[in-house]
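Okay, so chain A shows up in both of these, paired with chain B first and chain C after.
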Partner chain A sequence: MTATATEHRPGLPGGKYLAIAHIAARQAVEDRAAMVGRVLFQGLILLIFSRLWTVVIADGSLGSHSMRELLWYLAITEWVVLSPPLIHLEIEEDFRSGDVAYRLPRPVSYLGSRIAEGFGTMAVRGSALAVSGFVWASLLSGGLPPDPRGLVLVLPLGILAASLAVVCIAGVGLTALWLQDASPAYWIWQKANFLLGGLMIPLEFYPAWLASIAGKLPFAAMVHGPGHMAFGFAPDRALATAGALLAWGAVITLAVAATSRAGLRRLDVNGG
Partner chain B sequence: MQAAIEVEELGKTFRVRTRRQGRGGALRDLFATETREVDAIRGLTFRIDPGERVAFVGPNGAGKSTTIKVLSGILHPTAGDVRVLGLVPWRQRRQLGFRIGTVFGQRTQLWYHLPAGDTFDLLARIYDQDAAVHRRRRAHYVEAFGLGSLLDRPVRQLSLGERMRCELVASLLHEPEILFLDEPTIGLDVTAKAVIRDLIRDESRTTGRTLLFTSHDTGDMEHVCDRVIVIHRGQLLLDQSVEALRRGYIGRKRVTVKSEEERLDLELPGVRVVARAPHSTELDVDVARTSVADLVAAVLARVHPLDLSVEDPPMEEIVRAIYSHAEAQP
Partner chain C sequence: MTVQRLRCDLAFVRALAAVNLRATLALRGAFWLALVGMMLNNLLYFAMWWIFFDRFEEVRGWRFEDMCVLYGVVGSGYGLAVALTGGVRELARRIVDGDLDPYLTQPKNALIHAVGSKGFASGWGDVASGTLLIGVSGVVGPFELPLVALAIALSASVFLATGIVIQSMAFWLGRIETLARTIWEFLITFSLYPPTIFAGALRVVLFTLVPAGFIGFLPSSLVRDFSWLSLLAAAAGLLAYALLATVVFRAGLRRYESGNRFGIRA
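On to the complex of A and B.
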């Protein structure tokens, strides 16, 4: 009883990846410990910064921004960076342990399936973190941002940004093919988000030369772009951020796909 | 008849980084790495016909997993020619993927927090299976492998034996013509091992599916396979029927007796003491000359056993015996 060609019914293009994203989302729902951990970590970060801003901003504002705006900025940027799962660890483990031996013979792209899993997990975690972030920020800042209409724009921008982050983290994971360890690249990714993305402090507070450099990089589009919507309803700015995210998305996806092809060509799976 | 697997003069060389000695060496390593070549497989040639159940064995580092990875298209060989179902694995991996299945005992393809049935349904999508065909096959395998009561439980709650039954079904659902099994019984207890061996053997007998089975456990190859290929240091050492191997090399058991008495003395044909400690005696038994039943009867007549275990000789020992035999040949 072996398979015949007539029993193969190729589905819609991308259907396999949707199915993978769907099962990953279901697994993320079941993995409650990981979800609760992130929600608590998100709350802790916002709590610490709300206390810190209270001390630093004696007169209740920094530049043109109020403490409430800054806390909502942080809630949004944290939401973007905490939503993507750490798929670089899974990719690294695939190569380190030889699990890739299970995945490569399947009629589906290895990188595509890992990214699809990332999207599925992100959909669940991102939803939970959006709700918890809203609650934490409202409680700790004492209400909604001064112009809450900006929050409407945060949703599409945040989803685009976190999706791009999933692709970037997959690229980080692929460095394990050369370095045996993806953590150095992940460390750089994290610090780049922190410094060049304006994770904690908006880029407006940076020296002009640094803000100008950071503004041309994808980290600012991913982190500062959605975060800036805490300062007001700015559809033009949101459109520009979305454009930048889509353009960077195309460039980075092509680069990660090329990295994957090059890496898999030189793959020497552990074992023997 | 087209071979299921044809391997000719296969070679695979890995380039391994070497580290220089001392602080200066470590510094130089940062700027220029030194590598050396390691031959994982050298001039390996064999052919497997459709429906054969072949044990592919050898000690650690013999090149078994590397060979399987070349056959499933994961690794590119350095030399030689390979055809699996008429396809070149590393060039036609996607096409081959529909026609082969893999089970790796130390890896999992099941989603840990979800019931195994969810993975089965996902694999149906990945392998482009018609929904009605998938439902029929799934029902068949769930019954054949006794998974009915397990399907609603998350994989994390399954025992290793239960999980391995699910892994097997996951690899069979697209009805591969060849199933590669890499140590599928590793870590299992005696009962679970026996169940898995029976399932694999019976399924292959019923469907005519070709099996290539790697294991360190001689019991696996005796119970499941008809033919055995032994490799050592990447080279073919032996290719014969399991029956011939049993006659030549695996007709022995290792029996350990722990007794109330300090010493056990036995004089039976084909039985020799290989290790002795107070209250513990390890015996090597040629079962063609003295059966395990006769040996146990003799032990019970002489001492009060506290514990008694019967095991196959380790694979390393068998390979050593084959190797010394091969070296002794002119």
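On to the complex of A and C.
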């Protein structure tokens, strides 16, 4: 661990946070066993679904999508949801152990530094899972999607979506200030993301009323938005998804920042 | 002598379970938060299968109600295992850190003591959502309730035995907590999909190397369509994995190195 803040020109706006993200990224690179586990898990899920969609196709009931498209869809959505680290556990531990008291006097925002760490880890995980997801999906589906140009649009959308997920998970971590244990809130957030984002099954297959509700929430932009690029090159749709992600990003970041201020005020009153 | 020892171990298991339950319930707020959170977690995840079967109706004869039973049995089995024997999740860490000393120095079965020394409240959420799913499946009447209990107990026992085997690898391989957790997650993942989608070599693997068949498929088939042959196969699978867990843990203990730490265990 030799990287220091000075290496990243802290005089620049955000330089300190870049340094924090860099250190977290280097730590993530060292955690090879966990990375191998995630890559294998990603392959396992894709293997199971390749079997599932093959059986469904054999029964002749898949509609307008091919098995290859659906497997690439899952590879993209899995990439988006597996890339963000579980920073809520670290935030919870900071509050539980009282370590937050040592972090607050530092000349960086507490929440900002935790989110920067999340971005750093996400960059490493996301890069590795993008490569492995590409390999798994190519092998298990037998090639690239019918219109592979859509994959070019996946990269920016996926990075935006996973970044928004990091901010959301930080917000979930803050619930530990009120609930002591942030895990139940995380479970619910994660599964709502899976269900209303269309992680395994595209929203097109959902009942109309549920797809309509899902479309009004950020989960659809975060998961189904990038995933839909497996079905073809759709720049207009990608632009709309990017717009939705940026808009939701602004709203959620403001909400998480407000929650953090309220929570830390409560910490001041009650003690760490 | 063996019967007496078995009786002694069973009494110890009952005592540990009672202590675990009391300890979990002592923090009432945390208990209910974990229980309700885990229930919602499981039901939200399962809703994806409701959407799937609403669209595709069946997968090679496997229907929504079959998935309810499979999820119910596996979820309840896993929940029961971590609620009453949650220490299994920390076994690898205890082995590497030399933290088995307190269990080895007492006149009780060290393995039972180590796995039964901790319980997770979230496990009761798994049990609650699992039994709810079995209830809504519509395939279980009052006469099948003993079969449901038997299926859950079988699933929980194989979960526990496999967990012990995986975590005990730490005796030989050192720090493998992350790897052990990943393998256990693989096991759960494989157990939660319709068995009809797996064929050939993959199906053989699911009943041997990865005992997903003994955790989910066979126990849930006892509830859906009971046969003595399935019960016999499930019991044989459990016996084999329980034996393997005991043998591996005992063999590993010969390589165990104490942490040489002083401490008090209340």
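Simple rule for what comes next: the second predicted complex is superposed on the first by the 254 of 272 C-alpha atoms of A that agree within 3 Å, B and C clash if a C-alpha of one lies under 4 Å from a C-alpha of the other, contacts with A are read in each partner's own complex, and residues count from 1 in each chain.
The rule is short, and it goes like this: a residue touches a chain if its C-beta (ideal position, glycine included) is under 8 Å from a C-beta of that chain, and two chains touch if they have at least 3 such contacts.
Remember, it's a predicted structure, so these values are computed and weren't measured experimentally.
Peer 1: Could you look at A:Gly15 and tell me whether it touches chain B, chain C, both or neither (first, second, both, neither)?
Peer 2: Only chain B; A:Gly15 stays clear of chain C.
Peer 1: Determine, under the contact definition given at the top, whether A:Pro207 touches first (chain B), second (chain C), both, or neither.
Peer 2: In the superposed model, A:Pro207 contacts chain C only, not chain B.
Peer 1: What is the contact status of A:Gln27 with respect to chain B (first) and chain C (second): first, second, both, or neither?
Peer 2: first
Peer 1: Output check: A:Val251 vs chain B and chain C. Expected answer is one of first, second, both, neither. What do you get?
Peer 2: A:Val251 sits against neither chain B nor chain C.
Peer 1: Of the partners chain B and chain C, which touch A:Arg106 in the superposed model: first, second, both, neither?
Peer 2: A:Arg106: touches chain B, not chain C.
Peer 1: Report for A:Leu139: first if it touches chain B alone, second if chain C alone, otherwise both or neither.
Peer 2: In the superposition, A:Leu139 touches no partner, neither chain B nor chain C.
Peer 1: Just to be sure I read the superposition right, which of the two partners does A:Gly98 touch: chain B = first, chain C = second, or both, or neither?
Peer 2: first
Peer 1: If we overlay the two complexes on their shared chain A, which of chain B and chain C does A:Ala262 touch? Say first, second, both or neither.
Peer 2: Touch status of A:Ala262: no partner.
Peer 1: Which chain A residues are contacted by chain C in one complex and by chain B in the other?
Peer 2: Touching chain B in the first complex and chain C in the second, no residue of chain A appears in both lists.
Peer 1: Spell out the residues on chain B that touch chain A in their complex, using ranges where they run on.
Peer 2: The touching residues are 14-15, 40, 61-66, 69, 72-75, 93-94, 96-100, 102, 104, 107-109, 111-114, 118-119, 122, 125-130, 133, 154, 174-177, 206-209.
Peer 1: Going by the contact rule at the top, pick out the chain C residues touching chain A in the complex.
Peer 2: It comes out as residues 30, 33-34, 36-38, 40-41, 44-45, 47-48, 51-52, 54-60, 122, 178-179, 181-182, 185-186, 189-190, 193-194, 196-198, 202.
Peer 1: Quick one: which bits of chain A touch chain B in the complex? Just the residue numbers, please.
Peer 2: Contacts found on chain A: 1-3, 7-11, 15-16, 19-20, 23, 26-27, 30-31, 97-102, 104-108, 267-269, 271-272.
Peer 1: Under the definition above, what is the set of chain A residues touching chain C in their complex?
Peer 2: Touching chain C: residues 33-34, 37, 40-41, 44-45, 48, 51-52, 54-56, 59, 61, 179-181, 183-185, 187-188, 190-192, 194-195, 199-201, 205-207, 210 of chain A.
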